[in-house]
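Chain nomenclature is as follows: A, B, C and D, assigned in order of appearance, with residue numbering initiated at 1 for each chain independently.
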Amino acid sequence: MIIGSIAIIALAALLAPWLHRWLGWRAGYVLALAPAAGFVYYARELMGVAEGRALVSTLEWLPELGVSLGFRVDGLSMLFCLLITGIGTFVLMYATPYMKDYALRGRFFSYLLGFMGSMLGLVVADNVILLFIFWELTSITSYLLIGFDHDRLAARKAALQALLTTGLGGLALLAGLILLATAAGTYEISRMGPISGDHPLYVGALVCILAGCFTKSAQFPFHYWLPNAMEAPSPVSAFLHSSTMVKAGVFLLAKLNPIMGETALWDTLLVGFGGFTMLFAAYLATRKTELKPVLAYSTVSSLGIITMLIGVGGTYGTLAAMGYLFAHALFKAALFLIAGIVVHATHEKNTEKLGGLARAMPFTALAAVVAGLSLAGAPPMLGFVGKELLLKAGLGSANAIPAIAIASVTGVAAALTVMAAFVVVWKPFFGRKPEHAGHAHDDAANNDDASNDHGHHGHGDHAPHEAPFTMWIGPITLGVLTILGALLPVYFVDAVVKSAAHDVLHNAAAIEPVARTVYEGTSLAAFDMLYISTPLLISLGALAVGLVLYVLRKPYRATTELLAPIDRVGPLRMYHWALDGVVALAKRQTRFLQNGSLPIYLRFVVTAMLVLVGVALLRTGGLGTLRNDLDDLGIVEGILVLMMIAAAYATTRQRSRLATIAILGIVGYAVALIFVLFGAPDVSMTQFAVETLTVVLFVLVVYHLPRFALFSNRATRLMDALIASVAGLAVGALVLASSAETSIAPISWYFNEHAYPAEGDPAGRHYAYGRNLVNVILVDFRSMDTLGEITVLGIAAIGVFTLLRLRPDREPFAEPTGAATFGADEPDHKRASQGEGERPHREGSA
Amino acid sequence: MNSVILRTAARVLLPLLVIFSIILLLRGHNVPGGGFVGGLLVASAVVLYAMAEGPRKARAIMRIDLQVLIGIGLLIGLAAGLIGVAAGEPFMAGLWFEFPAPGLGEIKVGTPLLFDIGVYVTVLAVCLHMILSLAEDA
Amino acid sequence: MDLLVASPILLHLTAGLLCVVAWKSVPAQRVISIVAALLGPLVAGLLLVTVHNSGPQTAALAGWPAPYGIVLVGDAVSVIMVALVAVVGLAVVVYAMGALDKPRERAGYHPLIHLLLTAVNGAFLSGDVFNMYVWFEVMLLASFVLITLGGTRGQLEGAIKYVTLNLLSSVLFLSAIGLLYGIVGTLNLADIAVKLPLVDAPGLKAVIAMLFLVAFGIKAALFPFFFWLPASYHTPPPAIIAVFAGVLTKVGIYSILRVFTLCFPQQLAEFADVFVWIAGFTMVVGVLGAAAQFEMRRILAFHSVSQVGYMFMGIAIAGVCLAQLAIDPAGDEQTGVLRQAAVVAVAGTMIFMLHHGVVKMNLFFISGIVMKLRGTAELKHLGDLYRTHPMLSLLFMVTAMSLAGIPVLSGFWAKLVLVRAGLDAGAWWLVGAALFVGSLTLFSMVKIWAEAFWKTTPADADKALAAHDESQGGPVPGVEPRAGQGANLTLMTIPAAALTVLAVAMGVGIAPIYRAAERAGEAVMNPDQYIEAVLDAEYLERLDEHRAALGLPPRRGGATVVAEADPTPSPEDPS
Amino acid sequence: MHTLLAIAAGVMFASGLYMMFRRSFVKLIIGLVLIGHAANIVIFTSGGLVRGAPALIPAGEARLPDDPAFTDPLPPALILTAIVISFAIISYTIVLVRRAYQAIGTDDLDQMRSTDK
């Protein structure tokens, strides 16, 4: 059934384009049934899972590598399953009218559902490789969705940025997961026991896994891609980049917390990166004026909070992490959807130019208020509960990092977030609309995170109006849930959050008593917090400061503008610097290595070969004995070889082409004579014939080529001579070493035995019936070689023929037009006959 | 060089060289020689002829398209190997047939000889094809 | 069974030769070609099943027993390669019928393709080092002719580099064979494997091994020998280059794998660090080369270099494992891990070769379709294909993501297996490089996607193209005729779609493929299986006695050969 | 004699490489031919040289006599195959170079860079 829930969504993704062709834009409503079905399934299983009965399903896949289709839904996974399928359903309903005017909607739904299925798979996977598979799939579908508005360069760039950042992290994650599985001895997460920090693979696994999680969950310094990803249509922002995909990283951190989380290193890294991200992103959010960037940075901040909380750990920390994660998914998805509605209705993104929309869009405004309160962490919202727990956890932390520091940083971040909440909710719906609010985007300073949610241009009427039901029902429901979540803890906090936290804690037993003191005894758990306590005071202080900051936002922004130069050295710059650097390096390398000069390639290759040979000799201590039989030398052969050497050398000195070819012929004939002298007449005959033919061909061709020119300078020639000499020396030495080594007799004796039968030889023995052993080898013992050899010949002839006849500058296979030549070359060379009988001949007979 | 002399020489030499090459081919199994050298010899004879009469006539006396002849030569070689397969022996296995020839006694003919003939034909066709193509391409 | 092992060679050889004879009739060539291409997978499948069920199959050609005659060996490694050749052959023949222009088809495309496939099969199946050389040459010359088929300026320029460097490789290969014969007096790979440890010439053996490495490294396009590949691969039409990308470089990798694990395991262990460096540099340099390119086929060509690095990485990791085993051959638990890591590493190489053969070929197919549609593969002139050609977009996206190693496609597993083996063997930097290179591969693929598919076609693309043509005095090399001139797009799309499905199927159904690859890994790491299949027991016994007389440890036990003692030379003839 | 021939192989190899490093088409091919010869000599010499006794079984005998020693027939067979193959490839390359010269208009290898960038 777990697989079924993924499969039905995947099926919907596959069918989306066809369904869309058939049903038109309303197809989205039908497609929403797929996640809805999943939601119903998981909701029905909720109580069972909360009671500790995890859903399990395992199929074999590649057991040799520990890869299985192992699925397991425990409390943590259940929390995510409900979020993905539930919010997913609303997002699809929302997207159906929203995307009405977009081209290629069918593919949009395909990608969105594809993403949904991958995300669902990610959170229910128990096998780490399976988890990674879904992880990568979310990256790819996210890429397609961010770049959905593919005509715009900004969208393409943002998509690439997200993909590269999360992709690189993903690859590190793969290594980390394999190391983890190696250390744990199993690939199934549920079977992994805690791994000690002393394990040799622990640090490597940790660093790699954190790289994956931090990139995916947009932790500093990888946070830059998330605000840019707002290039995607709003439903995508709501779903992927606030409530689900970006939480994959924190999900994995939570999932691995019981396994890897018992070290100080883990805690320090998570708290450090998470805390800094929380504060830094909250600050960045307050500097933005457009709807989606504010929300995006506030999302980054929230992800930092959750990361930090997992690091803080302990009962409060874990409960807070899960509670905040749950609340954030609900209200942030709602806010993005609302932002989409606002932009959709007004074609205006800048909050400073918006105002008073509550009158025209009452339902949307209601949803916005509820979600906004939750974002601000005001009671009695779930967001408030989450933040209270957070502060409590911080204050009660027994960690290396002082509790005060955590609490104060959290307080500052909370205040900044409150201000952001006012900016995105209060200002557009209840604020005053500026008198001369045009639609021109003159606010260039704040426009660097270009967010462009267009798509539909009903130009004429710009009066804001309420969105259709299917668009505002989602935000309202999600908003209301954040109240209910706080008010009805039995169904939400107990069943969802607590059971998730249960799976995240190392010593799960500890959660019970605390959870009781927090929640039990009252159905209005949130008001439990209202007792005067430090967290509450900080919370209220944050609300107040946030409000003040909102009111004073203009001077605040002007002040912080002074800090703007810092942005220039930020991580986004690093990203561009790295990307440009890689491309520049690539170009430089290609210019250097693949420079187009064949002689340089050859020098490179030969030098590399010599280096390899040198390494081989150095490591093994040299070639050993070299054969020396200079004392046993015949006169004829000696002269022949000296001639050969002299001729070979002479080719390098000659300036005349024909002379060089003639000298080359001398080398060939000398070689042929050597063969004769040392008992290989067949080879010799062949060599003579081949040498002659080669010279003929050379002369036929060289006739058309220019004379030798002196291209290279003296230094180059010296260097070449050096490389060539070393290579020659090596060859000579190798031959001597090889011929000195005679410990094993060659297999040739067999050919002698089996070439020719003796008189009266017993029948049945296999013979080749030939006396010329070389020929017998060629046509019998090793006839396959010869078959290959004549095939080469045949191909060469075909090649020569097609090279000459098939060429772009002539009709294909035209008969040659000129008179045939037989290599009339230079005036003194009169061997040629001009082929008198030959007439120009055009009839194609080829 | 006078082309009349060349022509006469080519006409006379051609049949002689062909016969000599066949001898080389047939004896190759026992003494130096064989299909390769034999084929080259014929090719050079025809090239000589082409130098005298022009490449087109040279192609004409072959009576068969050289490109096709290459294929045939190679197929002969392959067939020599496949005969062994047909007889239930391994690919390329040498099969030998003895039959009496008047005046020469027993003659042994085997698939290796057929194979060598394939080599002979291929080499002949290849060399001619290459040189004639080049010669035609002014 | 003799015939079965030889049949992949004979099938394509027969087809190729018949096509030569049918030179004048393109329809006849097409029929011959497609029949052979269809039979290819059948024969390969049969061989695969037979080897799976009854172990390595050998064919002693002409009936002469190994090591005296030439023997063909179909073992777990070579049959996988033969199966790849069959798939590549079928796909490319169908594609070419749709894509290739008439003049090129008339100029011997069909015979040459089949002769090329013959040679590739020959190189994979041959159990004899000189016979391998011969097949290399057949392959080389067929590829030379194919790469120049059409004779455009770009083709000729690229071909000169391709030809020269590959000829240098051949000469080195030949010299290494000569030197090797000089010391062991045999050419049969199994026989070399058994006799080489009997020879006490560590320096000479190491140098010969290096010569083989360079010779095969040039064919495989390893760093620093790869220059010919980016210079030439993008010049001929995709119907030609696709088959090169599919199988040719893999012959080099296969040969390194075969020769080093069978004959030179000691040198593989001794120079494992060299292998690791080469693998790392090949991956990085190739992928950076691709990052600098803005033409589809050039990008793909450079990526081939990078991916050859991945294939080589498996061999390098196996070497690292052997080296560690040689240092510490004690039978503790780490030994088991390392042995298994070596097996997995080789399995990774095998899977990568299969995956890359299918996927890279398909990307060249797709680039060919793009060129037919738009007349260019230059990214700056392209755009909008996402809007206008949804099916093509899907095919490209799936295939490109497979190349980039995105799950659950074939490339993911190839990468996963290698990474896994590398981590088990402790080759941290190599794994890091592989992962980094993976992300740059993704970058390149996404670059093509964003530029050719997503972007709006630049308004002046047509004009720019025409001006470019004009300035070059006619059609630019590599720029095909416009808009489907004379092409059958359906026939081009069918194999592309089939290969895309195959990439997905290989990903989802990885289990049987992995098992086959793992068997190949085991075969490679335990060469005795191969040796005993090729050489008869009596012969081996004599050699083993000789071995014992020299005071060498027994041959059995696969990788233990690397922990060999110092042998003393003996003038005696082992046979 | 081995020594002298080994030196010859070395010189041929070196000269061949040196020629290949030059920028001219023709020199490139001459270099290729030279290193091809060198490789053949390498095979021939490594296999061991024996003066004057080709591996021909005398008429009437069933096998070669043990004395005088005969040349190992395998290296010559390999060389023969290699010679023919390299002939095929060299002739193809010669024509390729000619066509390249026609198409590009130069025989300077460094002028051919349009396919690498």
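Here are a few things to note about the model shown:
Basically, contacts are C-beta pairs under 8 Å (C-beta built on N, C-alpha and C of every residue); 3 or more make two chains touch, one makes a residue touch a chain.
Computed from a predicted structure; not experimentally measured.
Set side by side, B-D and B-C show the greater C-beta contact count at B-C.
Chain centres defined as mean CA positions place C nearest to the mean of all protein CA atoms. The centroid of the Cα atoms in chain A and the matching centroid in chain C are 25 Å apart. If you average the CA atoms of chain B and of chain C, the two centres end up 37 Å from each other.
Centroids of chain C and chain D (each the mean of its C-alpha atoms) stand 27 Å apart. Multi-chain contact residues of chain C (touching two or more other chains): 13, 20, 61-63, 111, 130, 134, 137, 141, 144-145, 148, 151-153, 160-161, 164, 168, 175, 178-179, 181-183, 187, 227, 230-231, 293.
Each of the following residues of chain A touches two or more other chains: 590, 594, 596, 598, 602, 606, 681-682, 686, 690, 693, 697, 701, 730-731, 734-735, 738-739, 742, 746-748, 751, 771-772, 774, 776, 778, 780, 782-787, 789-796, 798-800, 803-805, 807.
For chain B, the set of residues that touch two or more other chains comprises 30-32, 36, 67, 70-71, 74, 78, 92, 94, 126, 130, 134.
In terms of inter-chain touching, the protein chains here all touch one another pairwise.
Within the complex formed with chain B, the residues of chain A that make contact are 681-682, 685-686, 689-690, 692-693, 696-697, 700-701, 768-772, 774-776, 778-780, 783-784, 786-787, 790-791, 793-794, 796-798, 800-801, 804-805, 815-822, 830-831, 833, 835-838, 841.
Residues 2-3, 6, 10, 13-14, 17-24, 59-63, 111 of chain C are the ones that touch chain B when the two sit in their complex. The part of chain D that touches chain A in the complex is made up of residues 1-30, 33-34, 37-38, 40-42, 44-59, 61-64, 70-81, 83-85, 87-92, 94-99, 101-103, 107-110, 112-117. Touching chain D in their complex are the following residues of chain B: 30-32, 36, 126, 130, 134. Considering their complex, residues 17, 60-65, 103-104, 107, 129, 132-133, 136-137, 140, 143, 147, 150-151, 156, 159-160, 163-164, 167-168, 171-172, 174-175, 178-179, 182, 204, 582-583, 585-587, 589-590, 593-594, 596, 598, 601-602, 604-606, 608-609, 612-613, 615-617, 619-624, 730-731, 734-735, 737-739, 741-751, 754, 766, 780-785, 787-789, 791-792, 794-796, 798-799, 802-803, 805-808, 812-813 of chain A touch chain C.
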